[in-house]
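Note that chain A is present in both complexes that follow, paired respectively with chain B and with chain C.
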Partner chain A sequence: MAVIEQPATLTAPARPSVWGRIAAVLALLGRSRVAIAGLILVGFWVVLAIFADDCIIRPACWVGGGSDGTVVSTPWLARYSPFEQFRGRNLEGPSADHWLGTDRNGRDLWARIVQGSRIILVLAPISVLIALAIGGTLGLIAGYFGGQIDELLMRVLDALMAFPQILLYLIIIAALGPSAVNVVLAITIAGAPGIARLVRSLTLDIKTRDYVAAAQTRGESPWYIMFVEILPNARGPIIIDAMLRVGYAVFAIGTLGFLGLGLPPPSPDWGSIVNTGRKFIQAGHPWDALWASLSIASLVVGLNLLADGLSEELGRYR
Partner chain B sequence: MELPKGKHNEPVVRVQNLAIAYETHGGDVNAVRDVSFEIHRGETLGLVGESGCGKSTVAYGLVNYLGRNGKIVHGEIIFQGESLVGRSPEELRRLRGDQIAMVYQDPMTSLNPVLRVGQQMTEVLTVHRGISEDAARARCVEMLHRVYMPDPEAVMGRYPHQISGGQQQRVVIAMALLNNPALLVMDEPTTALDVTVEAAVLDLIADLRRDFDTAILFISHNLGVVARVSSRVGVMYAGEMVEQAPVREIFAHPRHPYTQGLMRCVPRLGADKAGSVLYPIRGRVPAPNHLPPGCVFEPRCDYATEHCRQERPALRQISNRHMVSCLRAEHIRASEWRPTEDIIPLLPAADAAEPETILNVDGLRTYYRQSGGSPLDLIGLGKKRYVRAVDGVSFTIPQGKTLGVVGESGCGKSTLIKTLIGLEPMTGGEAQFLGFDLEKKASQRDMGLIRELQMVFQNPDATMNPSYSVGTQIERPLRRFKVVPTNQVHAEVVRLLRAVKLDEHYYDRRPRQLSGGEKQRVGIARAFAGRPDLVLCDEPVSALDVSVQAAVLNLLLEIQREQGTTMIFIAHDLSVVRFFSDYVAVMYLGQIVEIGPAEAIYAPPYHPYTESLLAAVPIPDPSVAQQHIRLEGSVPSPLNPPSGCRFHTRCPRRQLLPDGGAICEREVPPMQDAGDGHQIHCHIPLETLHDLEPVVTIAA
Partner chain C sequence: MITFLLRRAFYLILTLFAVSIGIFAMSEIAPGNIAINSLGNTITPAQEASFNAQNGLDQPAVTRYIRWMIGSDWRAAGLIGYPVRQIYEADLNRWSWWGALPDGTLFQNYTDDGENMIRVERLADGSTRDVPLGPEVWKTDAEGFPVFWGVDREGRAAMWVRGDDNEAWTLGKSTWRSSKGAPRAYIPLQKGLLRGDPGVSFFTRRPVAETLVPRLMNTLLLAGIAFVVVMPLALALGMLAGLNEGRFLDRLLSISSLVATATPEFASGVFLILIFSTWLKWLPGAVVVTSDTAIFERPQMLVLPIITLTLIELGYVLRITRASMVEVMRTNYIRTATLKGLPQWRIVTKHALRNALMAPITVIILHVNWLIGGIVVVETLFGFPGLGRYVMEAALFKDVFAIEAATMVLVVIAVGTQLVADLIYTYINPRIRYT
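Here is the complex of A and B:
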């Protein structure tokens, strides 16, 4: 045949799919070495947390929980249950059986650390997300309406910020009692004012743009303007700030656990592992405290690196 | 002033085949290619071209300020007989010394805000020349005198923010001249200034060239500005120098099709109204990494042939001092050019019947509350002070007509339309539109009113929300105002896109993928989506390149003709308003000083303020004679406007009245009717104003 197939007519460029956008963000991160280092550290813990045991394919153990033993999950990456006590093997150093050693009750430290990462990787982002929702809304309202509403809201939030964060945590947990929900609540209350400040300052800037004026001349409602016109354009700094805040939240959960205000035992909480382990450091068994501290440190450093790399790359294209 | 007596035939700077590239992720981008020019003592070379044509890159190349990713690929820069290319920074400093000075667009970026003017200026001499503090001070004061700074001694003791923008630029120029440089590079030095201030700074630059015998490289996108100060003009396009000739020659006989196109798309005060129709250049400047294979201008050229597509023309001499890079330069005659069908604007036909009034504004006032610094203000007990942004403005507009509003920045023209559209609360007065009262803010207005009253904004980069696609943003008013049934929204968006001459493919584009002109078109499509009766345009073209400017203006006119829309069009430049408007209002300090049919505004009798504005507008034609009227000082504060006639503090025509215009300080000027709705608010009798010479006269 002499006829040459005509190429298909030009089509309009397709809308970027969700996966396309994720790929774009990853490509952006890939340019920054700092971000890659952060991504590896955080990714390490995320993978461990997800595949610690087979809960990911057995919804029953999410509801019943593994701690009271009603539903027994099969350990995958964690190798053992975090609650199983190996008789006569307490306070051992790292070995082939117990990679990181055992604690004073003979529980496998690797299993506890890995399970502990799951707790922290659920609680920290949740508390930041709630703080973001509350602080973000307050910041938008204060920044967009301005005037007396702004004064009132910001003075109340200033008052809240005047307390040292650790004191706020202690007050809230002491009043409500230690539990996962109250830890989230404490971090939310302590974090929301800072987010509100950031969002307010971004709003003050963005609300002077012409497209906001255009929306006002269309008679749009203030809520539409705040959440549809302004908020999406503030997302860059908010995302970076949120990532740093997840790091702080990890730290805060660790601190609360260390002070005995975190999750009640026998939960494999990293902070409480450090706390119980510190008594045996001088007895020649530093492993509990060492591994748990390293875990907290590596996760926080990873999150910070990720935020740094992201802000660097976003700043370059602003 | 002593001058090093150099050989006068030797150029101060000679640039040969200069090519500059920026390194990016996607490889090198050749921003400037094979540019050659030379500047002699006492000569000003004006570089013009649209944004992205490499003008500033050439300037940065000269002062070796290309940034980390910029580099000179090849070529020579010979400054006072020594080559500057390929030298180490240390050698460059020695060779160049303080012999090259640079003045940037925004004076505030060149001045240190925490140091007094005097301190910054004397530092230049004490640090670099080792002159004693007292001697340096004396020289600085003298230099400030030279740049016509009023009261130099006092200015030395002020901080930069305490003096006006025009004065700041004078300080920067004075600082640049302190070391008596051989070459002065000025990158858009007047772009950030008002027309009246710009005119004064341009006069200064022209004087300095004569007095100091300096070589000046003057960069501007504004043909009128370049025509006023340059002795020679180089036109740059897409990183290449396409034409270079003495200023009179290039404006009288432009040879390159691009230069000719540029001249046709800038409005001229010299010509009559019909002659000020603008013809845009089609297409846009190519990106430096996607250049056409042949002549860089070929895709936009009306004269292009097959030859042009294949061969890239070099800059060649076609007459004594005229150089052009066009293969067909000898065959092209600007006078024989006829616009092609697609770029002739379809102007609204003059309507014989008297249309009814659509907007009636009476005594409109908008004041802003200004809080002072006293502690009483904190608790709301301080003395209330008001910025009188708009103070008693009255006018009417008939259906389907355009009112142009002109004035310097701070005259209240933007506040006026923001009040009308409901972005600012009205303090007093009345505004009636289609039977609606415009008293309420936009959020409390009736949807029917909101739909009929829309706005086109100034800044193309802020007019669109960067988070949403073009289609989504045009859809929003369609859905909100229920212009068409939901299932036809998409079709209507496409129709609107076509109406503003954008392709259907733009539906899914993001704002960052658009050029400034395209963004402004989308903004226009959005404003006209609800088919409003009145559209307010806040300097919609002032941030655009000239060729795009013309296209956007013509587009607005065409939509107006189709839909019969009424418009208020704000501009700071009287020449832009001229062919666009049916009526023109001139504002000063919150008040209208003159209003009338467009033609009447541009001929005597003028209000003295209108006269000075017309005299300040840079005209891109050196053969046009323009009267030399310059306003003294800056616009007084609207917090405390002058008594009587607000213009009396700066009025150049006060002397025409008995007692040197004592009445102007005491009494508010009466409204004088010059017929045909032309009103002038001035104490000077109409007959006297009528006898004044026209500001602009075209040489025979």
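Here is the complex of A and C:
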């Protein structure tokens, strides 16, 4: 007679702690040389952006005081203020004083590049997060309710996606004027439809699972099911997609700055540094354009390598 | 198949309609004042109101949308009682609108005192003569006012009210001019986008179409060459990478294509200019167009813009081709062919190629949306006189009609190519269902 062994206690599989999961992701990254290269590039800029000046220990400049000169921060890694003009030192090449040289107003290029990384590394994730919130909600609604709502939403989003993104940026910035808020708005509007599509297709799939049916039987509200049952189970592809989108957003912010539609001067926006700097290339001063181009190229490449390596490693274990 | 095509075409028109409303809403209804953008922020409210009336900006959005799409000349003709016609005045080098009498004489109207209407008739040699009109031309409108509809001297349909001393402001060469006895209401004459006339630019005061068409041709030339360069190169390299999956060549091609695609166009363009123009001095770093044929006389000007466009597009197509090739090489029919002992080149050319190319060809055409973004940046960087730079400058100067027209043209190209991609896909992949 067979005796079925009863386990003494039923224990739920231990849920790894937050640190445990971060460690697991890092271990995953460590296996891919591509991802490590990406991590180094991105990490370089993140460290520079955080420790550019003492803003991290002075909350006064978090609320917008840092850029217009009302709150004077003490530069750390940036070495100088990005707005300080050194008399008689216009358009200089790299030297011991000014590592990357100076621009036409005698401002230190290293300081401007480093402060520029902060702008781009703040704006890009913010715009992706807002686009995620809007696009994710729309996608959940379209996928979960289906029918007429789905049809209508998808038609509108298709029309938005038919726009080449650059035109969307141009029209929005032309109508509203160049500013940090409008740049974020433009990137959000351009990015949300793509996210909505992805989330919708994931929702359509997850909607048919048993646990959703169980929640429906329990009488949970549609919003609870969408955000508590469906969304967390769709997070994998959404996160990979969002990482790629941060890369696109950096790309877009740089492009807008280059076209003169980004942050207004004197803010040290990489794209606008290239835009003003390219006029001095023929005059034998390529440094502005060169450094800013290198910076944005390395950051976007880093972000792409990171996303690429991560999705490849994840795909291998799926 | 036919229903599928019709359905696709119907959705295409629906999408374009939605897009046109979106463009119109964003550029004309959105906050931001066209009068102030065009004339500067020193204008008085009276001048602003007068400008808005003269350009039809005080009319409801629906009226303005209809005027933008299908024109306003037919509506004006109904009010005036005579057809209106657009002619080209060669001596003044400009287009202007005139009313046409039944005998073919062209006319415009004005009045100095709000009492005696004058008809300016255009003679065959281009000179004009004034014909005074009697008081019988004043007709009573629905609200009981004596009014006269005609074409004013600026070529707009206009409504004068008898005995009116309305004041209009116009910006001359440099100063504001005020004139009494001006019309009460205007209908700016326009044929409409669908009939090839997207309006007159507020910035250059020339018809938008006149600038837009040559710019579009230049852009099509640039994009066409880039496309012809990118396509075979990306397909060949992608296939090479896919066949050598996991080897050094594959890694090299994959990583370098990722770097090329991730680098923004303006950054890679700057690198190319620095290397080939500033350092090696092989190629010019800017496109300087002095005449219509300058591009063909100095084709080396186009080399750097084309390489920049190639770099950004190459990587994407290469990666798709590689993935598609890898997938196809793992299928059972390729394994069967290998086991039959067929030589490798024969397997690739006879069995794998057609199936592996299916995805990338569609993707390339769908990628036109991205190509447009690249074109705007590349044209700005190299100073190439194309549509991308045109729409960029229009956006910078808030030249509303130019933005609207150029955007619509680009969206039509983007959406049209998507339809073409669908058709090609159904052609090369007969398994697709027409849903």
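By our rule, the second predicted complex is superposed on the first by the 300 of 318 C-alpha atoms of A that agree within 3 Å, B and C clash if a C-alpha of one lies under 4 Å from a C-alpha of the other, contacts with A are read in each partner's own complex, and residues count from 1 in each chain.
Rule of thumb we're sticking to: a residue touches a chain if its C-beta (ideal position, glycine included) is under 8 Å from a C-beta of that chain, and two chains touch if they have at least 3 such contacts.
Since we're looking at a predicted model, the values are computed, not measured.
*Asks:* Clash or fit: chain B against chain C, after overlaying the two structures on chain A?
*Replies:* fit
*Asks:* Per the contact definition in the header, classify A:Pro232: touching chain B only (first), chain C only (second), both, or neither.
*Replies:* first
*Asks:* Applying the touch criterion given at the start, work out whether A:Val156 contacts chain B, chain C, both or neither, answering first, second, both or neither.
*Replies:* second
*Asks:* Figure out whether A:Asp210 sits in contact with chain B (first) or chain C (second), or with both, or with neither.
*Replies:* Only chain B; A:Asp210 stays clear of chain C.
*Asks:* Touching A:Leu28 in the superposition: chain B (first), chain C (second), both, neither?
*Replies:* So A:Leu28 meets neither chain B nor chain C here.
*Asks:* Between chain B and chain C, which makes contact with more of the residues in chain A?
*Replies:* So, of the two partners, C touches more residues of chain A.
*Asks:* Quick one: is A:Phe251 in contact with chain B, with chain C, with both, or with neither? Answer first, second, both or neither.
*Replies:* Second partner only.
*Asks:* Does the superposition put A:Leu129 against chain B (first), chain C (second), both, or neither?
*Replies:* In the superposition, A:Leu129 contacts neither chain B nor chain C.
*Asks:* Quick one: classify A:Val46 as touching chain B (first), chain C (second), both or neither.
*Replies:* In the superposed model, A:Val46 contacts neither chain B nor chain C.
*Asks:* In the overlay, answer first, second, both or neither for which of chain B and chain C A:Gly219 touches.
*Replies:* In the superposed model, A:Gly219 contacts chain B only, not chain C.
*Asks:* With the two structures placed on a shared chain A, what shortest C-alpha distance in Å links chain B and chain C?
*Replies:* 5
*Asks:* So which positions on chain A get touched by both chain B and chain C?
*Replies:* Dual-contact residues (chain A): none.
*Asks:* Taking the complex as given, what residues does chain A use to touch chain C?
*Replies:* Interface residues on the chain A side: 34, 155-156, 158-160, 162-167, 170-177, 247, 251, 254-255, 258-261, 271, 274-275, 278, 281-282, 286, 289-290, 292-294, 296-297, 300-301, 303-305, 308.
*Asks:* Residues of chain C touching chain A in their complex?
*Replies:* 14-15, 18-19, 22-23, 26-27, 30-32, 255, 258-259, 261-268, 270-271, 273-274, 278, 285, 368-370, 372-373, 376-377, 380-381, 391-392, 394-396, 398, 403, 407, 410-411, 414-415, 418
*Asks:* Spell out the residues on chain B that touch chain A in their complex, using ranges where they run on.
*Replies:* 421-423, 442-443, 445, 447, 450, 453-455, 457-459, 462-469, 473, 476-477, 480-481, 504-505, 507-508, 523, 526-527
*Asks:* With touch defined as at the start, can you tell me which chain A residues reach chain B in the complex?
*Replies:* These residues of chain A touch chain B: 12-15, 209-211, 213-214, 216-222, 229, 232-233, 235.
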